[in-house]
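You will see two complexes here that share chain A, one where it goes with chain B and one where it goes with chain C.
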Partner chain A sequence: MIRSSPNLPAPHAPQAERAGRRRLSRDERLAYLLLLPALGAVFVIVTIPFVLVLIQSVSADDGTLIGLRNYTRALGNPLLYDAIRATGVYSVIVLPIEILLGLSFALLVHRTVRWPGVRAAIYVLAILPLVVPPVAIGVVARLVYAPSYGVLNVILERVGLTHHEVNWLGDPTLAMLAVASVDIWQWTPFVYLVLFSGLQTVPRESVEAAQIDGADWWAQFRFIDLFYLRPLFLLIIFFRLADVLRVFDHVFILTGGGPGTTTQLLSLYIYRVEFKFFDSGQAAALAVLVLVSFSILYRLISRALPLERT
Partner chain B sequence: MQPITRREFVKRTAVAGAMLTSIPAILEACSTGTPTSNKPSKLTIAAVQGAEDGPLKKVAPMYQSQTGITMEIVEFPYDQLFEKLVTTFQANGSSYDLCMMDDPWMPKFGTMGALQPLDSNFGFTRDSDIPSIVYDVGTWPPPRGPVPPSEQGKTQHLYGITIVGNVEMFMYRKDLASSPPGSWDDVLANAQKFNKANFYGYVIRGKATNPASSDSLPILWSFGGDIFDTSWKVVLDSTASIDAITFLTQTLKKYAEPGAENTDAGDRDRLIAIGQAFQSTTWPAEVTGVVEAAGVSQVAGKMAYIPIPKGPSGKGLGMMGNWLLGIPKGSSNGSAAADFIKWLIKTDNMKTYVQNGGIPTRTSLLNDSTLGQANPYFPALAQSLAASPNWRPRTDQWNAVETIYGTAVNQAVAGLKTPKDALTAAASQIRAAMKQAGYPS
Partner chain C sequence: MRQTFLRTALATVALGMAGVLYGFPLYWLFVTSLKSKAELFASSVHLIPHNPTFAAYTSVLIERGFWVLLKNSVIVCFSTVVVTLALGLLITYPITRLPVPPRLRVNILIWALSLRFLPPIAVVIPYFAIVRTLQLYDQPIALIGIYSLFNLPFAIWMLKGFLDEIPIELEDAALVDGASRWIAFRRVLLPLAAPGVMAAGIIVFTFAWSEFLFALILTATPNSQTFPVGVQGLVTQFEIIWNDMAASGVIAMALPLVLMVIGRRYIVAGLTFGVIREK
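Our next item is the complex of A and B:
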């Protein structure tokens, strides 16, 4: 092995450096070596499947390459647009409600609860919905909304709010609200936890200075808290949008995508294309289209909500 | 001992680790694809979780104690089992020596060539005590009805043996009605007669896709409708088909439970079991699991079970929902797996299986009065099997067809579309899917 001496220039060193191919130092080599297992895992778990999906999306069942035919078929299926519409409606319901509720809880706890024990208890309560398996949540939600024996109808009738059974899962609008409510219940705590931790980073001096200047709670929120929370909104929207595209379990259990296809979200639609229609090419094309669309959407959102505080 | 450098230690550890981790792969590679006649130490069964595999779990230890072969039953929910089997078969995996299969899956697995033939490889022959339809449903290509274009000309083989002799039947409250409904008109008349507040004249299992499909197909057939004709031409938008679905989703629905578009088997059983409904279609597992279960049901002993009533076509056609056992091609324990199936369907062993909640296929057991006392639906099941019930169209595209058809029926039940509009749109989608799969459109 040739070692470069600190006193003598390495042969052809200027050319190599010009070409950007200087020899790695021992520390750099070690750093790369240490990174290798993690990169290897990412390569095996993420990159290889993605490349396989890309190949599958341009292949027929027998493996022959067919260009963009799977994409054409995927985009030509009217059920795709039903699924996009359903996913859009679902997102428009759950995201604003989860963010507003999560923000309200975070501000409320941040400003009113001082005792650490109560804060810890709220923290634990907020974690609980996040760790319950979505399938279990779906089953419980079905007991709440089910026709004829659902708990919600019983309560509504007992308190006199309704005098007949509300068809929560059979009416298209109510079914969408029912599946969305499950998402809101499970994921509002996530928004709360992120924003609450963001509020902890707001410097106390800034708040006190604002209070001395006579700022009311709304001014404090608008000009101080919001400034520190803005990057977190991007994080929340990014994670929640990604989650909405993967929503499956509770919708499958509650409505099975029905009535008709009114709650058949994109994930359920792609699942059916793959595992009911066994159309792997079209399912792969759909997966790639969703990924590309989501990346574009993310770029647009990140322009509106920059990650850095400005 | 000479000390070694750190670099040398890391190198030696890496080499030793690589060798150790590769040993199982090398052993696996040596054993793959070499079927052995030696007795294996274990047989692994991929099974569906629920009432269908419960009796199997109870009798498997008996086989284990007789042969010394450990029986491992790996359970999956219905949908997951199908997906797991398809992906395993695509990879020609050897994870399972036996697999439970719902009968509509047979075309998919038959077309894939995923199973080992039981007749030519392991000497299975037909038993006169088991209705021939039971063997037919495990045979591929299908011995009757239309054959998929890709399968025409292939030699027929037996690939699956039924271990759960499910056929869809009809149940009604015998303590309220003086005679069984002979036709769907009688069903409607009874629904009108007995319908009252908090007591529904009929229960529709109308949840989207599989439930709505399973519930409506016997009515569709009994009205003379169908999804395909004998040459795979889609006839779902025929007058008879539309009449059948109109009857279910509009005429009969007037007397059905609220939220029928979201009712699945569990909801139906609950309504029947708490005495809030008069009649519906049913599957054997629902009868033993809920409707006749002591301590669970308020109507145990009050229900009667009959074959599917006749429709305007003059026929009452039940639907098969047999669960079969097959041997995946990837299994290297085929002989031992076949021995287990032979053991399970022997009359004595099947009797024990039935005593543990199993649903038999042997006519002698279905007509056994002692067993019939504990299983009041056995005579209806025997009649249904003897009358050669319909099976779902034998195409590997069935899952796609069922999803489209079951969604259309659900739309009609929910009132989102008229039966005619829903079926016309579904027929168009099915035509496109079948054309794509190489069927005549």
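Our next item is the complex of A and C:
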């Protein structure tokens, strides 16, 4: 703040040196002049809600302070642990499958598809699911899994695999799998794209040298490719985890958290506490708990990220 | 030889299966949107529509009035792009071009990254209270504000990547020739950075277009509801009209897919904060 002030005393230096120094300080001043309003505004926009939610979390609806009562209520609610468990199950299904499938496809295309045209086509097709609104994907999933019109049942019956309608969205296990399948459908291509471009950075010479030494495809992967892909796995886990922990849209569309609370992930649960139960004290306490635990998680995971930090 | 053949066969089968798993649901969405109401109530489900019609599209856009939501979406997303890019340039120009302490630069980048991990649901609860107090509830500006904030991390990292690649000497030459910093920025840097800025804009537009949670909570009427909120309305109502729902899904997908054709080289860069760059 002080440095951007226009009354900054001009440096009293010998003439020759002065020109250079003055130029530098003017640039510096410009830098702060540009940065401060933008960063200040963002800082305020981020901080005020946080302070507000903190206050809200220790007050009753009429504004009187009630200490940690909202927190004890939030933590004493068994639905919270259902939501945490559902989020955990969802992540445990979705993340490994996406990474394994994405990796397999990346290796497969990298090792077998030589024709650049096909590679380019796969690239474009793989991007397609990433840019489609999750709400629209939820609609697609509805058309696949829903009772009566869902095309999955229609196909299974025509092929003769089932003889009665499978209630995909009504059975707790199947509903979780259905919801997870949507995530896998949308985000495996992301893993594929990241790992595939990682494989392009593996130097040809080391692969050829290994092949001359008689390395089979597994040894090639294990000792060469994996070395180049390792930082990318961290990156994928970071971005996928950030998304998986905030999943809301397609679950809201597909099951709305049901049947019962089996697919009620953390976001859906907090949404329900605030906007269906209108319990803003408990919702605020939950928001604070989520913010705190997520920042701890972020601290742990972000250190390992291979982002350039210069 | 035999091994190559086996590999090619495996690749063909795997890619073919992926093609079906991705193609068929989208085909089903499109086909359903082309069905008439009468066909939906037919006793057996037709995998190929017998009398394709665009009736569902006119029903959604005109009879249900969703064209207003589409207009809201375009206004909100476009404004978000403008605000995000302006803020993004205000922050990335100094940290790539001006003498800023390295610590500050790193801290800004790390802080932007941490915003990416911020769960929207935890933010929307206080934001909802603020928006109500400021009487901005059900106003597009409330969405524009929060979309810009949530897209800023992407914008900062992407723009930083693009600006870093442009040699600083080009601007220095202009400065030595007596141009002001503003002129050097507008006439030298901006034209060179234009493709990157465009790409960042396209990505921010796509993200804002997809956003649903904030829109669901901060809007109530067609005054500010965005298109995804309308789609949700068709899904959660008591009796689902399949063809209308499918048509709304197709409309929601259309624009991002078109934009993707322009911005395809940058999508992965945007999603990974510029770590993965396509050549």
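Going forward, the second predicted complex is superposed on the first by the 219 of 310 C-alpha atoms of A that agree within 3 Å, B and C clash if a C-alpha of one lies under 4 Å from a C-alpha of the other, contacts with A are read in each partner's own complex, and residues count from 1 in each chain.
Here, a contact is a pair of C-beta atoms (placed from the backbone, for glycine too) under 8 Å apart; a residue touches a chain by one contact, two chains touch by 3 or more.
These figures come from a predicted structure and were not determined experimentally.
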item	value
Chain B versus chain C as contact partner of A:G256, first or second or both or neither	both
Which of chain B and chain C A:N167 touches, first, second, both or neither	first
Chain C versus chain B, contacts on chain A by residue	C
Partner chain in contact with A:P147 - chain B first, chain C second, else both or neither	first
First, second, both or neither for A:Q56, with chain B first and chain C second	second
Contacts of A:F275 with chain B and chain C, given as first, second, both or neither	both
Partner chain(s) touched by A:T47 [first = chain B, second = chain C, both, neither]	neither
Which of chain B and chain C A:Q211 touches, first, second, both or neither	neither
Contact residues of chain A, present in both the chain B and the chain C interface	146, 149, 256, 275
Touching residues (chain side chain A, partner chain B) in the complex	146-149, 165, 167-172, 175, 255-262, 272, 275-279
Touch list for chain A against partner chain C, complex	24, 27-28, 30-32, 34-35, 37-39, 41-42, 45-46, 48-50, 52-53, 56, 104-105, 108-109, 111-113, 122-125, 127-136, 138-144, 146, 149, 151, 154, 185, 190, 193-194, 197-198, 232, 235, 239, 242, 245-246, 248-249, 252-253, 256, 266-267, 270-271, 274-275, 280, 283-284, 286-288, 290-291, 294-295, 297-298, 302, 305-310
Chain C residues within the chain A interface of the complex	7-8, 10-11, 14-15, 18, 21-22, 24-26, 28-29, 32, 40, 45, 47, 87, 90-91, 93-95, 98-100, 102, 104-106, 108-110, 113-123, 125-130, 145, 149, 152, 181, 206, 209-210, 212-213, 216-217, 228, 231-232, 235-236, 240, 242, 245-246, 248-250, 252-253, 256-257, 259-260, 264, 267-268, 271-273, 275-276, 278
Interface residues, chain B side, partner chain A - complex	79, 82-83, 86, 108, 207-209, 211, 257-263, 267, 270-271, 276, 396-397, 399-400, 402-403, 407, 410-411, 413-414, 416-417, 433, 436
